[in-house]
Structure formats: C-alpha cells, structure tokens
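Submitted below is the structure of interest, expressed as structure tokens.
We just call them A, B, C and D in the order they show up, numbering each chain from 1.
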Amino acid sequence: MQLGFVGLGRMGLNMVRRMQQAGIDCVVFDTNLDARKEAASYGATAAQSIQDLADKLEGPRAVWLMLPTAVVDAVLDQLVPLLSAGDTVIDGGNSHYVEDLRRAGELSKHQIMYVDVGVSGGVWGRERGYCQMIGGPEEAYKRLEPAFAALAPGFEAAPRTEGRSGEPSPAEKGYLYCGPSGAGHFVKMVHNGIEYGLMAAYAEGLNVLKSANAGKQKRTADAETSPLEHPERYQYDFPVGDVVELWRRGSVVGSWLLDLTAIELGRDPSLKDYTGRVSDSGEGRWTAQAAIDEGVPVPVLTAALFGRFTSQGNELYANKVMSAMRHAFGGHHEIKTDNKD
Amino acid sequence: MQLGFVGLGRMGLNMVRRMQQAGIDCVVFDTNLDARKEAASYGATAAQSIQDLADKLEGPRAVWLMLPTAVVDAVLDQLVPLLSAGDTVIDGGNSHYVEDLRRAGELSKHQIMYVDVGVSGGVWGRERGYCQMIGGPEEAYKRLEPAFAALAPGFEAAPRTEGRSGEPSPAEKGYLYCGPSGAGHFVKMVHNGIEYGLMAAYAEGLNVLKSANAGKQKRTADAETSPLEHPERYQYDFPVGDVVELWRRGSVVGSWLLDLTAIELGRDPSLKDYTGRVSDSGEGRWTAQAAIDEGVPVPVLTAALFGRFTSQGNELYANKVMSAMRHAFGGHHEIKTDNKD
Amino acid sequence: MQLGFVGLGRMGLNMVRRMQQAGIDCVVFDTNLDARKEAASYGATAAQSIQDLADKLEGPRAVWLMLPTAVVDAVLDQLVPLLSAGDTVIDGGNSHYVEDLRRAGELSKHQIMYVDVGVSGGVWGRERGYCQMIGGPEEAYKRLEPAFAALAPGFEAAPRTEGRSGEPSPAEKGYLYCGPSGAGHFVKMVHNGIEYGLMAAYAEGLNVLKSANAGKQKRTADAETSPLEHPERYQYDFPVGDVVELWRRGSVVGSWLLDLTAIELGRDPSLKDYTGRVSDSGEGRWTAQAAIDEGVPVPVLTAALFGRFTSQGNELYANKVMSAMRHAFGGHHEIKTDNKD
Amino acid sequence: MQLGFVGLGRMGLNMVRRMQQAGIDCVVFDTNLDARKEAASYGATAAQSIQDLADKLEGPRAVWLMLPTAVVDAVLDQLVPLLSAGDTVIDGGNSHYVEDLRRAGELSKHQIMYVDVGVSGGVWGRERGYCQMIGGPEEAYKRLEPAFAALAPGFEAAPRTEGRSGEPSPAEKGYLYCGPSGAGHFVKMVHNGIEYGLMAAYAEGLNVLKSANAGKQKRTADAETSPLEHPERYQYDFPVGDVVELWRRGSVVGSWLLDLTAIELGRDPSLKDYTGRVSDSGEGRWTAQAAIDEGVPVPVLTAALFGRFTSQGNELYANKVMSAMRHAFGGHHEIKTDNKD
C-alpha cells in the first residue's frame, strides 16, 4: 500500500515511521527539509513539493495531512487541483468537525473523498500506537484500513473486555469507523473534552492535598480575610508524588494520565519549572459548544475549560468588576496579592 | 431604650448614629479613641472600657457587638463575666452560625441571652438603613425590636409587593425574626452566598462584552493556540459603562449592585485602578459547605466562590499539574503568558 | 412618525400601545385577527397582510418585527421584496446576533437597512417601558430614535447615577446605540446570559434556606447514603417568602428579580404549582458559546445554563453512565429515588 | 501475624480471604452468621462476639474495622473497653478524617493506637489487591506493615514509573504511610473526590456523543424552545460502546474506569436498566468542604458532586423558583417535561 503524507512534525514523523515499519510506502512532504530527511531515513520517499508528492503517487491516490488546523485549508487549496476523481484526502489533525462537513462537501464536487481521522497518542504514539477515530465515506475507510491498522496499537494493547469474544473488532485493535464526514473529529473532539475534565479532576485533587497544611500558615484577623475555623485539621504535609505513585496500583483512579503524572511528580513534586499557563487547542471549546447546541449539560467539562482560560489571564476584567463592586458597596480595598510559589 | 455597643468601625459608627437619631441611647466602646469621640459627637455615651460600659448600662442590659468574626470570642470572654442573668448579647457581625450555636449554649449557662443578627447594608446603610436577619430567643428579639426598627430602612424603602396588605410586617420594614439561635447568621450567610453569585454573573457578562473585539486581535497559528473560526463575529467595541447605565432602566437585570457598578464604570470603564484580587470573608464558603451538608446543589454559588479563590492565586499548583501532564503526553511546552491589561 | 409593526404577541401588542400613546402611528400586522383588532383599539392601523402593510406605509418605510426567532427569516422572505431602497427593517425579537450579521449583509444588497434591537422588559414593559439595545447603521438608529424614546422607560425610571450630570444621555433614558450590525442583539444576549446567572444565584440560595431543616429528616445508615455529621446544625424552618421580602429593603441583593420573587413567594412559598422545568430560549446558550470563542471564562453563567438543561432531563444518560460505573467497580446498586415535593 | 477483623461485608470478606492466603491469621466477627461462616471457610477464626474476638487475640492486639461510617463509633464503644494499653484499632472504612482526629485523641487516653486506612479497590480488590492510604502513629504502621503488604496489589501490578529505581518503595507496592492521624482518610477522601470528577468527565462526554443526533429530532418553533441553528451538524448515531472500547487502546483517556465502562456498555449501550440516580457516600462532599476551608478552587470536583445531588432530586426547589421568576417577569408557563429514555 502507498500513502502520501504531508506534515512531518513531532507526531507526523512518528506516524510515518510506524507505517513504514508495517510495510506501507509513504511519500512524504514538509517544508522543513530536515524533517523530510528524517522521514527518508525511515524508508519513506521524500517529495520536493506538493506537486512532486502528487506526481509520485499512483492513482487512486490517498494523501494524509497531519497539520495544524489553521493551515489545513491553505494546503488543500494547493493539493486538490493536483488530485483526480477517486482520490482521497485524509485530515488526521485536530480540525473542527464542522470544517470537515464543509470540506467534504467541497471535495465531493471534484469526486475526491475526504476522510477525517482523530488521532490520539501524543508523543508516546510511536511506541504505543495511535488510537484512531474515523469519519467519512465508508468506501474510503475500507480502502485505507491497512494504514489505520498499521498505526493502531493493536489488540494486545489492552486486556480483552469481559463479555467480548470472537474475532477482535477494529475498536479492539485501536481504530474505529465512527460514521459519515465529521464523525471522526467529533469523537476526537469529545475525547479531548473528556481529557480536559480528567486532567482537571486530578489537578484539583492534588492541589487539595498540597494545601492540606493550610492550618500551619499565619492568617490575618481582619474583615477581608476568611478565617480558618479549624487549623488543627489542616496540618498535613503530604508526599504528593508518592500518593500519585500509590494510586497507580489497585485504586479506582488509575489511568494512563496518572502514570504520566507519576513520572512528572517523581522528577519534581513541586513542579517549579512550570508557570501554570495551560493552553487549549480548540477541542475542549468545541465540545462545550456542541454540548450547548445539543442542550446537554457538561458542567465538569466546561469547568475544566474555563480553568484553562483563567490560567491564560482572561478572567481579569471580571475580577476587576467584582473588586469595583466591593469597593462601591462596602468600601473594601483590594488586598495586595500574596506571593504564591 | 438603652443599648451597649462595642465595635465602632466604619459600620458600627454609622449604626450608632442611626440609633441615636431614633432616640436610642447608646453606651459605646472601642479601643480606638477617635471612634469613641465620633460616636459621642452623635450623642452616644462613650465608655472607657468594657467594664465601664457594663457599669453604665442599667439592667437588664443589652450589648451589641459589631466586630470582626475573629475577635468576637475574645471580647465575649471579657464581657460575659461583667453581665448578669437576664442580660442579652447581640452579635451583629459576620459570625458563622455554627459559632452562634456554641455561644448561645455557653451563655445560656449564665442565663444570658444571645441574639445573632446578620446585617446587610455596607457603607450605604447609614443613609439607606440596615437590613437585619435575626436569630435567637424570641423574648430577646421582642425586647430589642425598637433597636432593629431604628436601624432598618423602613416600609417606605421599597414599593409594596403586589398581594400584600394590612399593617406592614417587620420584613416589610427591613428586619425579620428568622428563628432560634443561628437563624439570623444562617440567613445572612446565604444572603452573602447569593451576593457572590450575583456579582460574578454581572462580572462574567461584562467580561464577555469587553472581549467582543477578540476578532481584531492577532492570533498565532500554532498547535498550542486555539483558532478563532469567525473573527468577523467579534469586532465590537462596546461602551461597557453605558451598557450598565442602560440596564438600570426597564431591564430584567436591574439591581442595586448594578446601580453601584454604574457608578464605578461611570468613573472609569477600564477599572485600571483595580488589580482583580477579590477577597472573600467567609460567608460564601459557609454557604457552600452548608449546601453540601444538606445535599443541595449550588453550582453557581460555588463557581463564584472559586473564582475568588482563583483571583487569590490558589489554583496555581493545579495548573502546574496540568502543564506537567501536557508536557508528559504531548511534549507541550508552556507558552509565555501574554500581557493582559 | 409612522412605523410598520409585524408580530402582535404579548409583547408586541404592549409595545404598539406604548408607541401609539406617544403619538407614533403604527401600521400593524399579525396572522391572529384578534391581536390585530386589539392593536386597532389602541389606535393602530391594522393591515390585512404583509403586502397591505407595505402599501400602507409611506417611504422611506420602517418595519419593526417582533417575532419568535425561528420565523424571522420566513417573514423577511415575504417582506423584503415589497420594500424599496432606503427602507429599514428592525428585528426586535431575540435573534442570534450572528443571524443579524447575515441578514444585514443580505438586505444591504437591496439598500435596505437592517437594525437589530434587543428588548428587555417582559410583560411589565407596557407599564415600565422597554430597555433597548440597538445595533446597525447609525443613520437608521438616528431616524428611528423617536420610536426608541417612546418605548423606553425614560430618565425618571431610576435615580441618576452619582457622577453623571448634564443632559441625560440615551442610556439614561433606557435605549442605547451599541454599535454596528449585531451589536444590539449581542448586548441583549449577554444581558440574558447574566439574567440566567442572577436567577440561579437566588434560586440556589433559597434552596439552601429551604433545606436548612435537613437535620430533622430521617437518614438511613448504609454505605450508599452520605451521613449528616451535625444534624443539630440543620434544624431551621425558614420563612423563605418573608426572607425574600426582607431582602428588598436595604440589603446588597435587592433587585427587580427579587421584587418579582417576593410576589411569587408571597402567593405560595411552596411553589407547588410549578414542576421545575426551566426553559431556555437561546441567549444563554449563545452567551456561553461567544464567551468560549473569546476565551473568556463564564463558569457562573454556564452553571446556570446547565441547570436549565438538567431541569429539562438532558443529563439522564450521563447519570446512567455513572450508575453503571459504580455498579462495575463497587457492585453498587441504585437506590430508588425518594419522593421530593 | 494475627489480626482481629470486624465487618464482613462484600469488601471485608474479600480482604480477609486475601490476608489468610498470605498467612495472616484473622480472628473475625460480624453480626451476620453466614458471613462469619464464609470467613471461616477461608481459614479465619470466627468469633461469637466482640468480646470473644478480643479474648481470642494475643496482645498487643490489632483489630481492623471494616464498617459503614455511621456505625464505627458504636462498635468502638463496645470494643475499646475490651482492649488494653498498646493495642491498635484500624479503621479501614470510609470515615471522615475529622472523625479520625477525634477518635485518635480519645483512644490515646487509653494508650490505644488508632490507625486510619483509606482502602480503594471495590469488588475487584480480591483479585487486584487493595490500594491503601495509611495514617496514624508511625509505630503502629510499622507493626502492621505485613497486613498492608498482604492486602496490597504488589509491585508487579503496574509497570515501573520511568525514573524510579532500586528497591521498590511501599507506594510502588500499593500502600503508603501518609502521615499522622487522619492522613490516610484525608488522602482517600481526595481520591474519591477525584474519582467523582473522572466519572463525570467520561459521563458528560458520552452524553454529548449520544446526543449527537439532535439534528434529527423535531423541534417546536416557539419562544420557549431554543432553536438549533445547524441541525445538519448533529446527524450522528455514534456506537458509544465501541467508542469506549476504542479509547482503551493508545488514547490519552485510557483508565481503569474506562475499562469498566467498556464492560457495562458492551453489555447494553443504552444502559436501560439504570435510572440515573447516583448516590454519594460522603468523600466527595468532604473533599469539597476541605478545599473550601483551604481556599483551593475545585470547580470540576464540585460540579461532579452537584451532578449527583441533582440526580437525587435536590435541585427541585431551585428550579421551581426559576420557573416562578420566569412566570413573573415574562408570563412564561412551564412546558410539560418531555419523555426521555
């Protein structure tokens, strides 16, 4: 099987490597020459340009894009005129599924099939394989199944779920056809929405543990500071890193995210090298917006999302408004922010 | 009627003034000599000490405390031995109602009645009167009713509610006997919990208005930054101060808090003199904790409370944990925080 | 001044009445004949059809639509072909501002101006006047200002904000030009988003008061029921209706919504005629979605929104998932729901 | 090693079995005769009463309680008088750590040591082992370590965390000394608080997937129903069970809870046998309350907690208040609740 592949970032390179190892011939392109060279070192064929890539592929072509969402359309503008009826484009990035609906419609005018694939796995995917959520024409999915299977973690990656038997299904190997155009990125979007919620749940809990020595702190006795009625209840200095390590075995909260947290906290439980600014890359927002369209309550997922917005400083004006109100009704003046570390 | 009064801060002085004007003789004490002098200028009798205050009052005595919660017990330790059976102590500060239950029990051993009064009104109370939520023995409430009536805004302070008729009830004058010990501070606690929610609702909405020019900002097109799909929808520069002024007339969101916000935003819509650190003084916390004990969901009130905690910097470790997780699974590095103003 | 007016529902009729009283000649239409008759009884001219309405208006025409959002486009399809260059259409309903942007673009091709007006006031507007948030071409706003002024509550509707002086601004009379197309409905959208938050803040707080007798309830001592450690702290039977009445005078939480709540609770504090299903009509959703686009945290506003979704039953599947998880890891069986009243 | 064990419920029996297999002699008691017989079948010695259990143990005794929180104190009242200085009591149930502080203080008067152990593992613990979080006198912890090790999952239960080396620490075997009295239950409390958050994150996300066919539903076009602007975006019928199975391999959201969810959804993706009433057993509440005492924001954890309260019906009065407000300002009548399934 032959596959075009555009976008050789961190993740793209690892994916090409995994496919080459599984015997899939990748014809690759990226504007970064070093990345092209690295892909070539895995056995891939490096193209000099999008045009060159299209030329090097035999029809019906399949071209997998692994690009930042913001540049997908620009690359499609270049690529589509070089393709022919019956070809397929795969968007494996983190596009909004609404964009998929639009693009699938546009490409179908040229009889080009558009497949959207949500890919989870991060930098660990090279080793663990990539979990793939797939949407688009079922015909295209079928044709591309060897590539999905090559990228996927495989059946052995997890113990079989009680109650399942027979030939493993694609889901049990780590890839799934989720439905028509947009379905793959919709499921990936929700996946990331959930991820935000999981991360925040752990993070909040660990913060409660870390602050369990609150009773040892000095507190001013003025009307602007909430009193701590029972300082004797908050005298603990918990070994947060060890607690996370502990929870990896036998507890209800075990997870891959927890495994990773154990690595990070094992290195430095104070996490002093981080400033606490948490980026968000779109899917959490879209999940919340889709939920709202559907009328489905997602208080946990949005709380996690808003925590990120706040870490980016975007709550500032709201807080100023509240300080102004407090000043107006109570003559309260702001207290200088304490140093936190 | 004669009343002892301890605690001549901002609010205490205004309350004494209002009572003196209504013909209630206050015998006052505060460690601050200037405050005592000011109270005397309103016609109150200034005592030299707690002992002196107790001496100057005829039995059965009633002593109103208007103190920061953190010092109430210390003052009671001094005061109670100077009182006699049949006397009454009123705590008009922001004590936790659980403290009231304890104190009422302790004072009842000395046959001293303990009355808890939640007082709302802030610095405007001198002019508008004070809304009072009262708990404790009904006998004490009855005896003190002239003082409550003197402090209250009075029947004229609001148009009569449709459906009410006859002699105005105490609630319609601005004070209410809410029930046994703790009832006054319980109601005041919830009052403040609601206040946090109202403030945050306005503040969040105004922040959405202020940020409605997001489409004019430049945005980087990397995988760490969520794209804005429709910049053309966020091109507004709203006159936030005028909007708030507008809403004061005829809209569903009109309120006294909005009136105050109009004053502040009228002065400076950018609120540049505020840093956005929002203190909390206990009641919002206690409301949430009581709701949790009751099993009552209060997502709005806690969201408001947590916004304050976050404005105080207490979310930091949680955010570092999330940054660490993102680093661990995706190799993501933190973006330097943008300057916000 | 002459004005076309389509949509004589509850609110439309009251608005026509108010304008007629101010000397604005309304030519009105609604498919409901009775409504047309009622409008005629206020002095308006009833048209037999959209065509008739267009015919009866002198150019340049101005037609105000007061319709459910879902039917605005259908009416525009009928109306626009009957209008001429220089005419104006006003959408006074609760359209999404994004629709305004689209419609303004479409109508501008015909040189018809499109004005979006967010109107607050509900059924009380007839008496109190309507608070109006206006977007669109400033030229159209200027021409229509007499109508806005007639509908608005007027300067006397609220005490002047401290610090304001001179000739009252439009905002101080109850209408405001907020900016280009969509600006009016954007501000109204946020207004309603805030309204949801305010309502939920009060509602949650009153629920905490109502449940303050939790310590009197019997509780089973099994592993599925959370124990109440201090039943003695929850022995209060608060007069919730009186508390709300009380807060109307002198307290920080006074508002028009609270005034209305006092009416309702004065009638029946148990609210037994309500089932607790709370509709939402779009603006709360759009506010949250706009905030998310802007990257602005709105935890309080979304908590309020999600409370409504949940009251509509849309959380059900999520709860089943959690019950299933609890069954899977702990063998927990669901407890039969208690009867609540 | 010999150990007394009181409380042979689901979990207690499995724990005794695991300890017997590891060569720890358990002397057990429960009021349920069948449970005693079952424990005896694992090799444990069944006592006829608490007295008998105390008699059968050689000093210094250690007695492990595995009881519903609500009955621990009653059993301690019976047990403590039968113990001697130097004995140890272990509370392995889900007590509030604040109770531990009190009990440890009381028992220390009798020179009895009190150890609090948070135990995670549920019905799977028999097979997987139990994750144990331990608080109390370090001396007692040391003496009991063989029991903790027998119950724990052991080092092999998870791949070693990158960066760890040398002799496995207790945390790496599945038990951890967390600090002085209360430390074990504090950490377990937060563990469960996190668990609530994780569960809700998954549940909300799956609900968004399940409702992704919203565009296929009929919608009424009235002012009480929020319109769905883009029904074409919500036309998906996702195979939710397969999606969960998929995510078990290679995705960022993999976890033990997800594994269990896959079992349940594999059985019946509609979950029709569940009603959606989600119990809470205390720890989620205490986590939130501790966080509030500490001033630490936990919006995700409380959103999860409040979702449970709402599933129990406790939001009802709040919703009625909002319906009443909507009626009062807009004349809105409640819509009859749709049937959901």
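For the reader, a short list of remarks on this structure follows.
Simple rule for what comes next: a contact is a pair of C-beta atoms (placed from the backbone, for glycine too) under 8 Å apart; a residue touches a chain by one contact, two chains touch by 3 or more.
The UniProt protein names, listed by chain, are A, B, C, D = Decarboxylating 6-phosphogluconate dehydrogenase.
Note that the structure is predicted; figures quoted are calculated from it, not measured.
The chains in contact with subunit A and with subunit D alike are B, C. By residue number, over half of the contacts seen at A-D repeat in one listed pair from A-C, B-D or B-C, namely B-C. With centres defined as mean CA coordinates, subunit C is found 29 Å away from subunit B.
In whole angstrom, the spacing between the mean C-alpha positions of subunit A and subunit C is 37. With centres set at the average Cα position, the gap from subunit A to subunit B is 42 Å.
Under the contact definition stated at the top, the residues of subunit C that touch 2 or more other chains are 98, 122, 200, 202, 204, 206-207, 211, 226, 229, 252, 256-257, 263, 285, 293-299, 303, 306-307, 310, 312, 314-315, 318, 329.
Contacts between chains leave no pair untouched here, as each chain touches all the others. On the subunit D side of its complex with subunit C, the touching residues are 9-10, 68-71, 94, 96, 98-99, 122-124, 199-200, 202-204, 206-207, 210-211, 221-227, 229, 256-257, 260-261, 263-265, 271, 274-282, 285, 299, 303, 307-308, 310-332, 334-338, 340. Interface residues of subunit A, counted against subunit D in their complex, comprise 97-98, 101, 120-122, 125, 128-131, 133, 152-154, 157-159, 161-164, 169, 171-176, 178-180, 182-183, 186-187, 190-198, 200-202, 204-209, 211-212, 214, 226, 228-230, 232-239, 242-243, 245-259, 262-263, 266-267, 287, 290-291, 293-301, 303-304, 306-307. Across the complex, subunit B is touched by residues 252, 285, 288-289, 292-299, 302-303, 305-307, 309-310, 312, 314-315, 318, 329 of subunit D.
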